[in-house]
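You will see chain A twice below: alongside chain B first, and alongside chain C after that.
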Partner chain A sequence: MFELAIKNILFYKGRSITTFLLSYISATFFVIYVAFLDGSHISMLQNSLKVYTGSIQIYQKDYRDEGGYDYLIYNNQKIFNILDKTEGIEAYTSRVETFGIVSTQENSSAMMLSGVNFEKEANISELKNALIEGVYNSYDNCLYMGVDLAKKLDLSLNDEVSFVGSAIESSFVADIFKVCGIFRTGMYEFDANSAFLNRNYFDTLFYAQNTSSYIVVKAKDLNKNDALASNIRSHLSENEKLYTWQELMSAMVEAMKVDSIFGYISMALLFFVIFFVILIYGFINISARIKEFGTLKSIGISDRQIDTLLFLEIFIISIFALILAGLSGGYVAYYYELHPIVIEGMSEIYKDYGIISDEIPTSFNLYTIFCNVGLILFLNLLSIVYPIYYVRQYSPIEAMRHV
Partner chain B sequence: MYKTIFSLALKNALLRKTRALLLIFMIASSMSFMLSLEGLYNGMTKNMIDMTLRSDTGEVSIYAKDYRLKQEIKYAIKEAQSIKDQLQHHPSITSVITRLKVSGLGASATKSYPVDLIGINLIEEESFGEFSAFVKEGNLDLGKNGCIVGKQLAKDLKLRLNAKLVFSTQDSSNTLQSKLLRVKAIVHTTNINIDNKAIFIPKKVLSEFIGVDPALATQIAIRTQDKDLQEELRLRYRKLEVLNLSEINPMLAQMKEMMVVFNAISFSIVMGVVFIGILGVMYVSILERIREFGIMLAVGYSYTNIQIQVIFEAVFLALLGFLLGSIFSLASLYYLSHYGLDLSEFSDGLQSFGMSSIIYGDIQPEYFLRTFYAIIFASVLSVFLPLRTIKKLNPVDVIKADS
Partner chain C sequence: MRYLILLSFIVHTLLANEANEIIQKLDKNIRGESVYMQISMNIKSLRHERTIKMQTWAQGKEKSFVKIIYPPRERGITFLSLNKEMWNYIPKIERTIKIPPSMMLQNWMGSDISNDDMLKQSSLVDDYHAKILKKEGAIVTIELKAKEDAPVVWGKIISKIDTTHYTGIEDTFYDEYGEKIRIFSYENVKQFGKYYLPTVWKILPIKKKNNLTTMVLEEVKYDEKISSQYFKKSALKRFSR
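Right, the complex of A and B next:
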């Protein structure tokens, strides 16, 4: 059967070449398309994740729902002790976030002021790498300020600003800060609204000792983040709540899902048309060979064997096309994962939407490539079902008399 | 003579019913799938642009130089009221409004966020962009301290109707001022700059609060259908920035362009594959009937007559496909434009990218017209290769060879 299938493939060149080319082109296109789709999503999520979010955050219950100082963690040390005993954590730190008004003599703006441990923060987020001017590890009343906030307030290094807000026990806080460092993460909202103060000074000013808005954790292996989250969660009390990065960035994850759905629907259109063309070419080919099948049946070849023959023909053509497509599409995916396409100015245009890089990388994932190619193979095999059914309708005599 | 040719063409086109039906169904289903997607994508972009035009920019917006960069009240348009009065009498302007915007800190009982306080005239906003249609909760009767809050901001600040909200900012004399507001309505515009951080109050109230002339505005927004108006206003107000939607929101403009490119690529690919499908069917159909064409040539038919017959066969099949496809497409687009595609499950994700959770399709006659031309072109083109085979025929040889 296999030899006969090969002979038929070589004999009916038109059908073989068309099926081969359509399968090859659609599969290659699909592999590359999905690689770019997944790559851009992974890049967006990971950029956001590593800039500031971390892979896990631990809150006092209701902080994220209700907010405010009533729902702060008032015993950092207790959670630190749990984290110290947990395997799989690369680093952790606590942050206190508060909002207030920051003013110069001429301008003012709302600002999110975070009290952070700069040394620990460097192991968790990209804040240190985001430094563009001045110093990162600032001290006393030194502010590490977002570049867009500095621009908005017309501030340069060593300029002074006043800050008005409220302390943890709800008293009034006012102080003069000096701009010692300016950072750019590329996340526009973040750079336009945030500034950081070293934790010791912040704690004294805001009465925030051993307190935090949340504790942020960086997993050693992001792929094992869910297991790590479960492990930590099992040690937390009912009053503490843990969120993984998927939960923290649920809106972005959802948006990616929608984008992927639309991407797959768009690709489905191409497959749909190609499926029909392969079906039509297969059908034309088979309907022209009815006499041949009649002869085969009359010499004792069963319907099942003819089904196998037709199945083998499409399978062999498809498998060759798809191996080649997997290799060429995979190579493109691999190449652009290492050397992402750069579109100058893209992050500027899409800054409101959290795009922080001009790079569009692909994601080279063998499992995804295998699934994509497998889907095309499935559609190709499906396209032979109707022609097989059509051939089965003929008895050997009818088939041999077929014109 | 032509009547006979057409009659022959019709009979031959449907001679192999299964093959003809497969081809017709392929054209119809591919077309309806493609047009539904195009309508959906265009509807999505159109909706985003329409919401931004109505809630914010209009077709043309005027700002003072540097305002968009600095976003400070000192860069407001001082003669805004007189410009508005002039523009109201312009024949091609359907609506013109002025807005005043200041940034500051919005604080609810539990949370604080950087927000924009926007002073508007509700009556004018209604004729400008049907503002009341954005209201999701409450009503526009603001009373003394009433305000309207963007949907996402209300969610972030945990604000409900009648909740209190304090807005703090620097006034025109650089003194920090706070204002107590009460939420009277919550709006959802799908414009992320409004939904995420806008609080609306009457412009007069805002002018008084920050101590500026009521004639002052940070933005003059204009609704018009006149494509040349922007240039005219640029020349007239050289000291101001006169911008259109693409300049104010390049992301939307790029999205629109990307949709056009994407639709064009999808269209070309689908039509290319449809062409291959028709080509296969017509080629086999002609090769099967070589003897018939030989006889026709022998009894005095000219090559042109056969050419007309074959072209007509292909066009006839394509037209049937187009008609069936038009019915499917109309039904699908009608459904999408009236009921939309409900993606409420992903509403947070869609909202973060400024999209509505129900995406409505868009029906345009040009979709059908373009597809009609492409299908006719593909069908005519598909018979040229088989016709070349007929042209080389010698009637006597053909009849001898097949008999």
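Right, the complex of A and C next:
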């Protein structure tokens, strides 16, 4: 039956080439499309994680719901001791965030001021790499300020700004800071509202010793982040709450799921058309071969064997097309994962959507490629069901007389 | 039917007028022509408690000046509100800072009142539509709904007022979505010349059950001449000492 199927494929060239090309093009396109879709999502997530979020954050219970100084972690060291004993952590650090007014002679703005350990922060986030002017690791009353905040206040390096806010015990805090470094992460809200101060100076000014808004952890292996989170969680008290990056960025993750669903729906419309084209071509071809099936039936070939023959024909065409599509689509996905497409200025245009790079990478994932190709194979096999049913309606005599 | 509608309209207008009149009298009791106060403010939160003392000078709705006199670390910090703008002078850094409008709703000095509350920029009379909800003897409950274009944060305020002397008993503040946010309660009404004013104000934020800000009006002087110098930007530094 296999040999007969091969002969038929070679004999009915028109149908074979059409089915082959449609399967090949749609599968290749699908693999590349999904690779870009997943790649851009992964890139957005990883950028956000790298820039500031980290893979795990630990808070005092209620801080994220209530906010404010009442819900700070007031004993960093206790959590540091737990983290020191935990395997799988690449780095961790604590941050204290406060809000206040930053002001020049002419302009004022609200600002999030974070007290950070610049050296440790360099191992966790991209803040150091985001430096565009001045110095990163500054001391005393030096601010490391977002580029859009500096623009808003019309500030340059070494300019002075005054800051007014509240210390941890709610007393009034005011100081004059010097702008020593300017950063650009590409995340507009972040760059337009944030500045960083070295932790020692911050602690003295705000009475924030051994205190933090949260502790941020970077996992050695992001794929084992959930296991690491469970491990740390088991050592924390009920007053401390741990969030993984998926929880911290749930809105972004959800938005990406929705985006993916819409992406798949658009693709489904295309597949719907391709499916019917393959089905119609297959049906026309098989309708023209009814006499041939009648002859086969009259010499004792059963309906089941004819079904197998038709199934083998489409399977062989599809499998060749899809192996080739998997290889070529996979190659494109792999190539652009290593060498992403660069569109100059894209990050500037789409910075509000979390795009911080001009690169559009793909995601080369064998499992995803296998699933995508498998879906096209399934649709191709499905397209032969009706023609098989149609052929079965004819008795050998009717089939041989069919015109 | 026509008469019924007309009657309903007249009743509604009369009630609104009466509500406005009550609110105006209440506002007059709080502001006078001018008022000087010395206030002690106790701020309690889950982890901290502190007391601030201040002097305030105010003239009408547009001008007010506040000077912190206690604790020593914060002594001399001054605030000036003039024609809906606000500045703050901090002696430690010798800088005057303009408070951006976006910060007017931020908590003032770590308390549960906002910059806007402190400087009374928004006015119950000008910015809200008043309607009487209930009358129980001298106690009148009035609903204040924000006017469409009013630059206020509260969607609604339910104000319980004692009309004997037109003093507040309790104000409940709701946000624009109708969620209850905080309660101001007023106690210990005292007479100051022709004015009556509660001298203990308590502010309870609904979502922060452990927080309580209590303001005690230790000294109040109405309608005394306040130098116009207090309401100039130069006053921030000059009267800081």
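One rule holds in what follows: the second predicted complex is superposed on the first by the 403 of 403 C-alpha atoms of A that agree within 3 Å, B and C clash if a C-alpha of one lies under 4 Å from a C-alpha of the other, contacts with A are read in each partner's own complex, and residues count from 1 in each chain.
Criterion: a contact is a pair of C-beta atoms (placed from the backbone, for glycine too) under 8 Å apart; a residue touches a chain by one contact, two chains touch by 3 or more.
Since this is a predicted model, take the numbers as computed values, not measurements.
Q: Looking at the combined model built on chain A, do chain B and chain C fit side by side or clash?
A: Superposition check on chain A flags a clash between chain B and chain C.
Q: For A:M256, is the partner it touches chain B (first), chain C (second), both, or none of the two (neither)?
A: first
Q: Name the chain, either chain B or chain C, that contacts more residues of chain A.
A: Of chain B and chain C, more residues of chain A lie in contact with B.
Q: Should A:L269 be classified as contacting the first partner (chain B), the second (chain C), both, or neither?
A: The answer is first: A:L269 touches chain B but not chain C.
Q: Counting only touches as set out at the top, which of chain B and chain C does A:A288 meet: first, second, both, neither?
A: It touches chain B, and chain C stays clear.
Q: Name the contact category of A:I101: first (chain B only), second (chain C only), both, or neither.
A: Both partners.
Q: What is the contact status of A:D70 with respect to chain B (first) and chain C (second): first, second, both, or neither?
A: Both chain B and chain C are touched by A:D70.
Q: Is A:S109 in contact with chain B, with chain C, with both, or with neither (first, second, both, neither)?
A: A:S109 sits against chain B and chain C alike.
Q: With both complexes superposed on chain A, which partner does A:S170 reach: first (chain B), second (chain C), both or neither?
A: second
Q: Which chain A residues are contacted by chain C in one complex and by chain B in the other?
A: In chain A, positions 66, 68, 70, 99, 101, 103, 108-110, 164 sit in both the chain B and chain C interfaces.
Q: Where on chain A does chain C make contact in their complex?
A: 66, 68-71, 74, 99, 101, 103, 108-110, 162, 164, 166, 169-172, 174-176
Q: Which bits of chain C are touching chain A when the two form their complex?
A: On the chain C side, the touching residues are 43, 45-48, 50, 68, 71, 73-74, 77, 88, 90, 92-93, 95, 97-100, 102-103, 106, 109-110, 207-208, 210.
Q: Where on chain B is chain A touching in the complex?
A: 16, 18-19, 22-23, 25-26, 29-30, 33-34, 37, 41, 69-72, 74, 103-107, 109-115, 158, 168-170, 174, 176, 192-193, 250-251, 254, 262, 266, 269-270, 273-274, 276-277, 280-281, 283-284, 288, 343, 346, 348-354
Q: Residue numbers of chain A touching chain B in their complex, please.
A: 14, 18, 22, 65-68, 70, 98-101, 103, 105-112, 151-152, 164, 192-193, 250-258, 262, 265-266, 268-270, 272-274, 276-277, 279-281, 283-284, 287-288, 349-350, 352-354, 390
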